[in-house]
Every structure is written in C-alpha cells, then in structure tokens.
Amino acid sequence: MTLLLIIFLPIIAAAAIGLGAPARLAALLASGANLFLGLVVALVVALKGDGEMHFESARQLLDSPELTLGFGVDGISATLVLLTVIVTFCAVLVSPARVAGRGEGLYYISSLLIAAGALGAFCATDLFFFYAFHELALIPTFLMIGLHGHGRDRVATAWKITIYLGAGSLVLLAGLIALYASLSPAGGATFDIAKLTELAAGGEVEPGVQAWIFLVLLIGFGTLVSLFPFHSWAAPAYAAAPTPVAMLHAGVLKKFGLYGMMRVAFPMLPEGFREPLWAGGWTPEDILLVLLLGNILYVGLVTISQRYLDRMLGASSVMHMGYAFLGIACLNAAGWGGAVFMMFAHGISIALLFALCGALRGRLDTLEMSRLGGLGARVPVTATLFAFAAFASLGLPGFANFASEITIFFAAFEGALGGDAAGLGGLQVATVLALWGVVISAVYMLRAYRNIFQGELGGDRRPDEVSPLERGVAVLMIAVLLLTGFFPNLILNLVGPALGLPH
Amino acid sequence: MPAYLLEIFVVLLGLAMLGMEAFAGRGSRATIGLVGVAGLGLTFALLLFAVCCPEEGLSYWGIYHFDRPAAFYKGIALLSTMLVLVMAREFAPVLKRYTSQAEAHAGLGEFYSLPVFVCAGLMWMASAKDLITIFVSLEVVTMGFYVLVAYMRRNVGSLEAGVKYLILGALSTGFLVYGIAWVYGVTGEFELAAIGEVLAGGAYSERAALFAFALVAVGLGFKIAAVPFQIWVPDVYQGAPMPVTAFLSVGSKAAGFIVLLRVAEPFLGAPAINGPVVLLLAVLTCATLIYGNLGAIPQTNVKRLLAYSSIAHAGFLLMALPSVAGGGEIAGPGGGQAISFYLAGYLLMTLLCFTVLTVVRAGTGAEDLGGLAGLAKRSPLLAFAMLVGVASLAGVPLTVGFFGKFFLFNIAVQEAMRSGLWIVVSVAVLGAAAGFYYYFKIIRAMYWDDAGADGDPGGDAALQLGGLTRVAVVLLVLAVLFFGIYPAPILGLLG
Amino acid sequence: MPSLNEYLMVSGLLFAIGLAGVLFRRNIIVIFMCLEIMLSAANLSLVAFSRFSGQGGLPDYDAQVLVFFVITVAAAEVAVGLAIIVALFRARRTVHVEDLTSMRG
Amino acid sequence: MTTAFLILLLPLVSALAILLGVKRNPGASALVSVGSAGLCFLLALPLLGADNDAAGSFTWLAVGGLRLEIGLEVGGLARGMLLVVTLVGLLVHVFSMGYMRDDEAKARYFAGLSLFMFSMTGIVLADNLAMMFIFWELVGVSSYLLIGHWFQKNSAAEASKKAFLVNRIGDFGFMIGILLLWGSLGTVNFGEMAGRLSEGGYDATLMNWAMVCIFCGAVGKSAQVPLHVWLPDAMEGPTPVSALIHAATMVAAGVFMLAKMAFVIAVAPTAAGVVQHVGALTALLAALLATQQADIKKILAYSTLSQLGYMVMAVGFAGAQHGGAAVGEVAANSGFFHLYTHAFFKALLFLGSGAIIYACHHEQDIWKMGGLRRSMPATAATFLIGTAALAGLPPLSGFWSKDSVLALAWDNNPLLFAVGAFTAFLTAFYMTRLCVVVFFGEPRGGGARGAKEVAPVMLAPLYVLAAGAVVAGFPFAYGWFIGGGGAGIAHPHGGKALFLTILIGLALAGIAAGYLLYRDREEEPFPLKALADKLYIDEAYLVVVRVFQDAVAYVAKSVDQLLIDGLLVRGSARLAAGVGGLLRGMQVGNLQGYAFLFGLGVVFVIYIITTAVR
C-alpha cells in the first residue's frame, strides 16, 4: 500500500493539477509526502536487511500471458526510490512559482509524471510495467523542452531526445520480448520478473542465443543510459531542458537502463554476458567494456571541449555512466553495490549541478564559460555551493560519488590477481584505463569552476545570489551526498543483501 | 435470441432512418442521428447481454457462424458506427455547406443511415466463413463507402476521392473475385475450413494455389491499405468527409483484416505453401511499414497524415499475420487475438482523434496542422484528448495502443526467432520510432504553436462541442487509458 | 468440349484486356466498363471451374451461386459508380482521369 | 574514542564549525582553527612515547567481498610524522594570525587550514592504503583551496587548478598501484600486506608494477620529476600555506607513504631503482633551477623539490642489498629522518620568507630586497640558521639527515652519490646566494627600504622552528621521532672520514662560491635563461596539454558532432525524411498513375510468390 501510494501520489497530484488544483502546492504536497514515504520505505528495507522484496502488492491483470500490476522493493530499488523522491522534491522546489506565458501547471505535471514513471519502473515486479512506466516521461519531456526549454536548438533537441529514446525503447522492447518468450515455458508465458529469473536459472536457453539477446538488451538499455555511441541525445537535451526536467532526467530517469541491466539482463541471461556472439568472436562483455571506455575516455574528452556550462554538465553525466557500467561489468556483489551507489550519488550530484546551473542561467546573460569569470567574488554563496557540487562530481572523498567510484574500482580487482589469476583480464585493463577518467573529470570540472568563478571578472556582471530556497535545496542535496559519502554503508547496507548475482 | 437477428435489426434501423428522412417533419430530422446512435446502442446492448456468447460456435444454414471473434467484430462494428454517427452530427454544418445549396430538400438522413447499412455489412462479415458470403458482405461495405466518400457532392475533393476510391476499389474487387475463382479452382471449395483441409492434404498444384493466394492478397491488400495497394489511401482519406475518413480507417481496415485473417489461415496452415506465403507477407509488411511511416513524415494535412499512419498500422498488423495458423506456439496472445485486440484499440484511438479533428474542422475549417495550433489553449479538453489519442497511436505505454503494439511485436519477435526474418522486426522498430516524429508533430502543434500565428481563422476563440460529443470524447480518453493498463476485458471477449 | 485450360486461358485473356483498359484508357466511363470485363473474366473462370469440378455429370453449383452474386454486385457498382461520375461531371465538366489531381503528395 | 581519533577529528570539527557559521566572525574563526591545531599538538605529544600501534578502526564501506576500513595506527613513522605535522601546523596557524590579519577571507583561509590538518592527520594515521588514498585526495583539495585563496588573481586560480590536476595524474597511478596490490594480496592494510608478502607466493613482476604505480602517487604529491611543475606555481598561495603544505608536510606525504611502503619496495627491485633515480634526478634538476630564480618563494620551492628528491632517493634504497641484508627499514628511516629535519628548517625558511615578504609589502623579488639584516635582525638570524641547516653545516639538523641519506648512496650506488653530493654543493650555493642578496648589501626596492621587523606573533614560530632546525638532528631527537628501538638510520659502512670530508667540504665550497659571486650585486650577474625559465618544462607541458588533451578533445568533439550525431543520428533522420519525401512523390494524384502502380504491385506480388516456389 505504501508503495502504491508512492507511485500513484504523483499521478494523482498531476491529474489534480490538470483539473485545476493549485499547481505548486499540489506538487509540493505530493513530492513532500513522497519524500517522507520514500525514507520510510528505505528505512524499513534497510532494517529488514534480508534481500527479499518488501511492500509487495500485486494485482493480476491477465492470465495468459501472466501480467501483473505488481510492485515491490528490495535494497536496489529502495535506493533508487530514495534517489527519486529526493530529486523530485528538489526539482519541484526549484521549479518557478510563476511561468511566463502559459503552462504553469505543465512544469509541475511533467515533474510529477517523470517521477511517477521512474518510481513505477524501479518498483515494478513485472517486466511489462517495468518497461511501460519508464515511458511515462516521454511526452512530458518532449513538451517541456519544446515549451520551456532553452537555446535556439531546443526544438531540434526535443525531437532528438524523443525519437532517440523512443527508438532505444523499441529496441529494448524487442529484446525484452525475445527474452521473456525464450524463457517462458510452453503455454505459461509470464512477465513476472521473479519467475523469469527462476526460469533463467534453469538454463534452458542456449548460451549463444543468450548472448545475442543480451546484446540487444545492452543496446536498448544502453541507449537510455546514453552508453557510447548512443549518447548524442543526452548532452544537448539536458542543456536545453528546463531545470526540473534536466534534474529528473539526468538524475533519476537515466538510471533506469542501468537498473534494467541489473534487474533483467544479467539475472535472466546468466550465461549471455560472457558467451561469444559467434565462435571465437567477441562476447557482450568485451563489447560493453569497450563501449564504457568510450563513455569515460571519449565522452570525457568531448566534455572537456564544451564551451557552455549546461552542455558540459550534460556531457559529464554521460561520461559518468561509464563508471556505473564498469561496476555492473564487474559481476560481483561489490561491483553491483558500487554501481547502485554510483547511480544514487550521481543522481543527486548531477541534479544538484543542474539546479545550480539553472540558478545561474536565470541570473546571467550567458553560460559560455570563457566569457564569465571571477563570479566567486560577486556571489560567494553560489560559488561555494557550486564548488561542493563540482567536487562531488569529480569524485572527491567525503562525497558519495567518491565512495561509489572507489567501490567499483576495488570490485573490479577483487581477487583478480591473487593465486592462480596472476595477470590482468579485460575488466582490469578497462578499469585501469577508466581510472584516467578521474583525471579527465577533474580537468573539465576545475576548468569550468576556474572560468566561471575564479580569476579576474569577465565583463561587468552583477548577478544576484541564489535565493534562500535554491540555497536550501542545494544544501539538502549536498548534505545527502556528504552523509552517504562519509557513511557509505548507509546505502551499501541497504543494497548489499539484495545483490543476488547470477553464477 | 439468434445472433442473425442483430443484423436484421440494424438493417431495419437503417431503413427506418431513411424513412424518417423521407416522411418525418423538418424538426425531427435533426434527431435521425440520435436515433441511429440509440438504435446501435441498443443493438450493442443486445449483443452483449442477449446474444453473447455461446459456449460453442453456432452455425446457421452453413453460411452464418457465430462465435466469440464474430461477436467481437460485431461489437467493433457497432461501436465504431455509433461514434461515426456522433461525429457526423458535429460535422453536419460542413456537410450542409457542400450538399444542400442546390438541392435544399435533401437532408442528411442518408448520411446517417448509410453508415448503419455499412455496419450491417461489417457485422455480417464477422460471421462469414465462406468465400461467397465474405465477398458479398465485403461488397456491401465497400458499396456503402463509395457513396459516403463522395457524399459532399459540391466539394471537388470529395468527388475526386470518391472516383479514385471507386475505380481502384472496383479494380481490387476484380482481383479478389478472380482470386476467389482460382482458390475454388484449386481446392474445389468455398468453405474456408474445407479449403484448409484440402490445402493441408497436399494433392493440388502448389503454384496455382499460390497464384490464387496472391490474387486474393491483392484484393484484400487494397482493403487494409497494404503496400503496394495503398495508393488510394492518402487521397481518399483527405477528400472524404471527416467522419467517413474515420469510418474508413476503422471499418474498412477491420473488415479487411477479418477477411484476411480467415482467408490467410488455410494457406498458412498448409506446409507445402507456407514458406512462400510467409515470405510474401514479410515483404508486404516491410514495404507497408516503410511506406506508411516514412511517407507520413513530410505531411502537413492532418487527415493525410493519419492516412499514412493508417498504412503504417496496417504494416504493424501484418506482422502478426504469419502466426495465425500456429497460434499455440506463441507465448502470449496468438496472431488472431493480437490483431483483434489491436483493431479494437485502434478503433478507440483513431475515433478519438477523428472526433477531435471533426470538432476542430467544424470550428475552424482547417484540416492542416496549423488548424490545431494553440488547441491547448482554446480547448484543453480536446487538446488532451488528442494528446492521448496520438500517444496511443504512437504506441506510448500505458495506452491501449501500446498494448496492441506490444502484442504484435511479441509475435513478430517470436516469429523472427523461429524464422530468422529479423528484418521485419528491425523495420518495425524503425518505423515505430519514425512514428514518434509524425505523431508528436500533432502534439507540438497543439501545445507549442500559438494560434493565430499563421493567421488561421479560428484564432483564440474557444471551440464549441456538443454534449454527446463531449461525453464520447471523455469516454474514449478513459477507455484508451483504462485498456492501456487493464486489457483483460478486451482479451476476455476474444476468449 | 474445350478443356479447362482453354477456358482459363480465355478467361485470363479477358482479365488482361480489362486490366489493360483500366490502365490505359483515360475516360472514366470506359475504365468502368473495363472493370466490368474483369469481373466477367472472373465469372468465366468460375463457371469453368464449376463445370469441371462437378460430380456425376452435374456442375458444382456453389460456384455458379457466386457468379450470380458477382453479377449483382457489378450491377450495384455500376449504379453507384455512374451516380458518382455524373456528380463529378456536374461539378467539373470532365470525365477524364488526368483532370483529377487536386490531391497528391 | 582513542586520542588518535580525537586528533583526527578535531580539525574537521573546526573546519565544519567555521563553514557552518563561525565564518561570519573571522577573528573567532581564526581562534577556533588555532585552538584545534594547538589541542591536536598537545594530544599528539603523549603519543610519542606510546608503543600501542593500533588505535582502533571501524568499517567504512563494506559490500560483497570488499571491506574498507577507517583504521588508525600510531606506530613507527606515524608517531614522528604526527608530531611534525601538528607542531609545524600549530606554528603556521599562529604565524598566520599575523600574516593574514587583514585578509578579507580570513575565515575561509582558516577553514582551509583546518581541513588540511584533518586530511594530513588522516594520511599519517591511516593503517591501510585505501584510507590513505582518501586523505591523500583530501590534502589535494585543501591544497587547492589554499593555493587558490586569492582566486581573483588569474595566476592563483591557474596555479591551484594545476596543482590539483597534476596531483590527480599522480593519484591515477597511485590508485592503479593500490588496486594491483589489492587484487593480488586481497588486502590493503599495511600490516596484513606485509604479512602476505613475507609468506611469499606473490608475483614479483606484478609487485614491481604495483610499486611503480604507487610511486606515481608520491611523484605527484611530492612533486618529483616529471610531475614537479605544480609546486613552484603553488607559491601563489599565502606564504604560511607554502610553509606548511608545500614545504613541511603535504609534499612530504609522498615520502612518508613511500617509507610506509618500504616493505613492498624491498621486494620490488626494479621499482626501487626507478624510485632512486627519479629522486636523484629531481634533487639535481631542482637544485639547478633554484640557482637562477629571482622569486624568493620560488627558490625555496625548488629547494624543497630538491630535498624531496633526496628523501625519495633514500627510500628507494629500501630495496638495496648491503652485505647480504636488505636495508629496508633503515633506508625508510633515513628518508624519513631527512623529511622531519627538513620540515623544521624549510618551514622556518618559508615562514621567514613570509615575514620578509610581509615586511616588504608583498614584494617577492630578491633583487628588489637587500640589506634586510639591519631592518629585520631577528628574522635574518633565524633565516640564516635555516640556511645553514639546509646547506648541511654540522652540527645543525640538516647535516645529520643529509648524511644518512647520502650514506645510502655512498654504499650502494656511486653515481647517485655523486649526483647527491653535487646537489649538496648546489644547495649551499643557492641558499647563500639568496641570503647574500636579501640580507646583505643595500636595499634595492621601496619595499625593502621601508621594511620593519614583524610582530611577535609571527616571530615566535620562527624562534621555535629555529630551535628545531638546530637540535632536530641530534640522535636523542630523532630517537623520539623514529623510535629508539627501531632499525635506526643509515651510516656509511666504509670510508667514513672521506665521506664526511666530501660533504662538509662541498657545503663550505658552496657557501663560499655563493658569497663571493653574489656579494654586492645589483642584479643577476650570470643570467642563464634556460635555467631561469625552468628549462622550458612548463612550456613543454603546455604543448603536451594543448596537443594531447585539448586538440584531441576538440577532435573528439568534432567527431561527436559530425560523425556520431551528424552522420549517424541526424543523417538517419534526414534519410528517413528524404525517403518519406520520395515515397510521397509516388503519390502523383493521377488515377491512371495509381492504377498503373496498382498493376505494378500485382506483378510484384505474383513475381515474389512464384519465385519463392522451388
């Protein structure tokens, strides 16, 4: 019941706004209540600590195929629920109270719908609704970028993200269908994730077939996570999107693909990851390792050469997804724990950055970094908050981002070289290369900070400080990052028990 | 009561409406449409509660069969006709402008009663299981459409559409009859079940059977708007009166698919000729998907856009066709079920869109995307309804359109895993992705674009819509969303 | 008596002539007539098939039933079609197909 | 909670307190910070005599097979290092109260100092590599904040960024090294790692690689060649910061870490060789560069580099064999010995230079100073003590520690000894040059003419450090720090007299040369542009960065825009639209055309289905 409330509260609030309820109030009430409920859920799951599904509710909609509107949370989904409710609350708070022109309600409706979609997807215990809920964000995102987006390219960008993600989702859909169809026993088709996972453990699907389905899922999920080379939608879209949408999309929704890899692709295709696609050929693992390096190194370089803050942040969020994939590719509990933690940390930190970026955008005439400078003297509070956010993002110890990254790195080497295994495998080589990304992210973040806030004043700009509200939002998110950064076990103990891995 | 009474009742209803047109006073003519809606509604109720559904299929005189799918398609026919009549009432002002100037005495009674006759044809077709009955009922439907398309006889577009539809339709009828003759020649039967037995038996000329199938496929491909026989669709959709376009896209397509499902089954079930048939269907599917989806991209006239979209949907539906013969091996709903479900969903969302468009057309006189500009402001309800309808057409999850598409993809993927024809799935994925573009173009027009920017006549004035239409729109929106989450009622009807 | 194949050949020829007329004539009335030829070709095949698949010297009457239906349908088609063509002629003063290109693309 | 934890957390509490509210009152912020530093020092004192190594630990992060601990150990080197850090830290805090009295952002400065103290203490007390890495990064950021204290200056902003990035490059290697050790030994705890290694069964090649990678961390943090470029630039920060972070403690963290890892160096001979040679090269190169600098802080910075090179070289000998026995711990102790004497005299010199700069109204060019021994006698005296200690004059502390460092080279590698000895000569030379130019002669600039002796709050730390610089080298003193019962420090095994003669002789020669050449000069008499311009290494790096990073990044961006986004994404969209347009063209509108297409379609269908039959 609690879970249903969490998922449907935003939808109800959105409907209420659509029918004329005061937008900001309704959205705040719903997201605030959700924040509370999300904390309760996470707390309960953490206290149970048994890796089982909790708060389960299921209503069977169809017998054949077995389709259930079912929800439940374990540690992994509870973490992501927590992330979602925090970011949603913050996104609603920083939404403008009054929008010029029309569509005040749309701001809040879209935030709520994106949140509801993410929550539904993270909590669904049914493959169908897992997929379906994610798509709830499609139209709000399209409308918001088009109506309230920034920049001259916003129309093209709105199209790009919509069609790109639409296409990615369809590829994913094809993969999911192939998956469930090959797993389902004759006459007993089911979408139940738990049952499918059980069936997969039986191992009736040929490894070669598994590998191909895995590849399709990788492309489908990868597109949604902006895995290289399916990433080019992300940076421009985040740059163009209104602040709350950018926060929710980059912070929360993007994690769906990673979650899907962990919830669906790996458990249901236990042998697919390391099986050659053709005799003696590449395995999905090889491909994933190469692609994630593309994210970290190649997109990292692309990030360096961005000239506008918003584009840079967008590209950086693409880059960081590489680490999450790396954690998943470790295929051990530590790596997966690190990956989930990474999703959480990155979600909060990128939302924070976009919130600050949005605050700056409202106060400056440009976000082109080379034309700014020295703002630290004019707006010290903003500069301090941004510094926190930037350092979180580049993985400074004390922030959750660092803790998650280091977990992933250690996981990649866990037991890899001891005993007989003297010698680096592909995963370790990839990790070593990925580590260079730590340098890259420091380069672009510090460059940005230096160009915007440090040095001599660029032009005579006298922007206002962030409003107390924005400040509160930023402090809240920084506090979350610091808390979980200092005590990573807060999250890892929540996630840990749920990491039932294939093999 | 026996099911065939329903058809008789509907025909009588149509006749009664014509009679009202001829004999009733001027004032009561406005109620003809309402009478039609009410009568069809009554029939629908009878179908649901008095007739439906026998445990086993019933057969009368060997030419009329009644089972769950038959009941289902009768329901589809009744519902869509009702909605078309609702739309027709909204559209009446436009119709009057293009018909009654010269002949003031001619009312709109025919325009209301013809769909009712078409509906009777559709209902009968749902019960037809031999080629003769199928042919006759199909022609009843087609003939009604010829008249309806060309109904606005002072409107050049409508007439041109009527002529094009007439000539090409007749051409396709020629091929269909010729094909039926060949099927009969090869198998010596008209009963589809018997044909299936003969074809499965194997003592016939494969080449001749395939030739026969190709001819029938040409005739039916025309009805469902499959490439390369789709060529009439854009022009006819554009030219026909809006309610007729809606009826065409739903009724004609449903009719075509009912028949195609039944006729293709024996051929697909015959091991000897299954391969070429599947291959032909795959080629047609790909061509249809590409043509419909890509052709829609540059369109600016909404009706024309929806025409291409209708072609695209035919492509999606065709994906499931190869599996109708071997339904048991599919995880999830089989081909027949999936297609039927899709058609039901398609009915809801298409008619929803056309209802909105009819109101807009009547209010602003515009049929291009510019006419939709600023709709969100002028009528939030209509804009939202259109949004839901379009999203459903595009296959956004949690709408009935997604479920439909999902079931079809489900079959296509599984077929591909069996046959290796992944090209169909790939084309479908690309097509559906392109679909996001042209459907969202409508959303964009309604929400982003400002009314009056392109100097459209409607300006910012709020749009008027009648009470019945409002109810219909709201119900359709709710239905699209409801069945998008809970499809069981529709699937349950299918058995 | 001619064989089935000969009937079919004649029928096919007839069908082809009709089709060719549809494809190459410009006058809608003529096109319409050609369509009727195509239907007749189908009828011819049907009757031929019926004659040759009958048992005990009697034809299979099913096919001939269909022939009657086809003739009826053709008649109805002509009625509706001519009405539309007349309306078209009133509105446009033409029955040539190349004049009907207001909608395209 | 143990004392060690208290020492670790106090500065953090101070930093947080300032950040969260005390910052509104700069004076109070300074007091909070100084207070925490003082308290730390007091708490650290009793630990000197303690023999209890482990000081408690808790699990910081645990998931799956991974468990990272925050654990403290106060044994061996950590004890001495802790005292150095807290003592120098306290003195610098006190000095800063004077130096930064009028600064606008005093609160931020002291918060940064406290953050640094927290991070540095963490490095010192860490009982495992993961924890050390955490604090390693944190000292990096506190260094970044303090170098960039005057961030409105472009140069300071650039310098802080550079420092952080160069350190990150070192950390890149450090992390790889940690991961290699973790992957092969299954633990990152120092004690456990040593235990596993002593059991044998490890892969020697892997250990070499691991050690080289770990050494990268030290190269970055301790500014060894080739990552030394950030340290001279880091002098953009306030001078007390330079004294604390960029002379006495943080830059020494690399050496401290290497000393802690001596047990790995001992089993990684190739890596040990790399360490030795990099250290020696740094020592020589930095000393050469120091001879031509004009900025007083840059001279000291290069001197720091050079001395750090000594220390690194010394620790590198941990893998050397002497008389059949590995010198492991001895070498580590020797390196560490130089570290801590250096902390005293280099902090002294930096604070002294800070006093001079402060007195000369932020003039840093030595050629604009001169004659300061008269206006600032106390500062001059302490500065000269520091110089003597750095030059290695007996019996000052630098003499003892440099001896023990060079003794290792003397015994093991004559070439490196030669380099080291020549560096010692250079050291004496450039320090004398500095002193002569700054303190003797006549004032050459307005700042120097108006210079007055600084306030007692700034002098007091100088006195304390001067005392340290004198006595720290005596055996009783290093006994405290290194632990009397340990393996001790290195002494030359043969030719002791010759060894001492060479060293003392070179020091004296350097002093003499410096005095004679630079006495009463108005400007640089022997301008060597290449050395003054730091051998163009910065420029070379700039090119490297431009070419290998910015240019590649630009190429990547272009590829992204043109190929991936342009050709693949937008191209396919265009293709779809184009095909759509083409298909649309088929819709000619002419009924005849339609019928024709229909006919074509029929032919097509029949063709497909009939060719499909075999």
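Order of writing sets the chain letters: A, B, C and D. Residues in each chain are counted from 1.
Please note the rule applied: a residue touches a chain if its C-beta (ideal position, glycine included) is under 8 Å from a C-beta of that chain, and two chains touch if they have at least 3 such contacts.
Everything quoted here is computed from the prediction, not taken from an experiment.
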item: Dominant chain pairing [most C-beta pairs in contact]; value: A-D
item: Chain nearest the overall Cα centroid; value: A
item: CA centroid of subunit A to CA centroid of subunit D, Å; value: 36
item: Centre-to-centre distance between subunit C and subunit A (centres being mean Cα positions), rounded to whole Å; value: 63
item: Distance between the centres, which are taken as Cα means, of subunit C and subunit B, whole angstrom; value: 26
item: Gap in Å, rounded to a whole number, between the CA centres of subunit B and subunit A; value: 41
item: Multi-chain contact residues (two or more partners), subunit D; value: 584, 587, 589, 591, 595
item: Where subunit C touches two or more other chains, by residue; value: 19, 22, 28, 31, 97, 100, 102-105
item: Set of subunit A residues in contact with two or more other chains; value: 163
item: Every chain pair meeting the contact rule; value: A-B, A-D, B-C, B-D, C-D
item: Contact footprint of subunit B on subunit D as seen in their complex; value: 576-577, 579-581, 583-584, 586-587, 589, 591, 594-595, 597-598, 600-602, 604-606, 608-610, 612-613
item: Footprint of subunit B on subunit C - complex, ascending; value: 8, 11, 15, 18-19, 22, 28, 31-32, 35, 38-39, 41-43, 45-46, 48-50, 53, 60, 62-63, 65-66, 69-70, 73, 76-77, 80-81, 83-85, 87-88, 90-92, 97, 100, 102-105
item: Residues on subunit B engaged by subunit A in the complex (per definition of touch); value: 328-333, 376-377, 384, 387, 391, 394, 396-398, 402, 406, 409-410, 413-414, 417, 425, 429-430, 432-434, 436-437, 440, 443-444, 447-448, 485-488, 491
item: Contacting residues of subunit D [partner subunit A, same complex]; value: 59-66, 68, 130, 133-135, 137-138, 141, 148, 151-154, 156-158, 160-161, 164-165, 168-169, 171-172, 175-176, 179-180, 182-186, 203, 206, 549-550, 552-554, 556-557, 560, 564-565, 568-570, 573
item: Interfacial residue positions of subunit A with respect to subunit D in the complex; value: 160, 163-164, 229, 231-233, 298-299, 301-302, 304-306, 332-338, 341, 374, 376-377, 391, 396-398, 402-403, 406-407, 409-418, 422, 428, 431-432, 435-436, 438-439, 442-443, 446-447, 450, 453-457, 487-489, 492-493, 495-496, 499
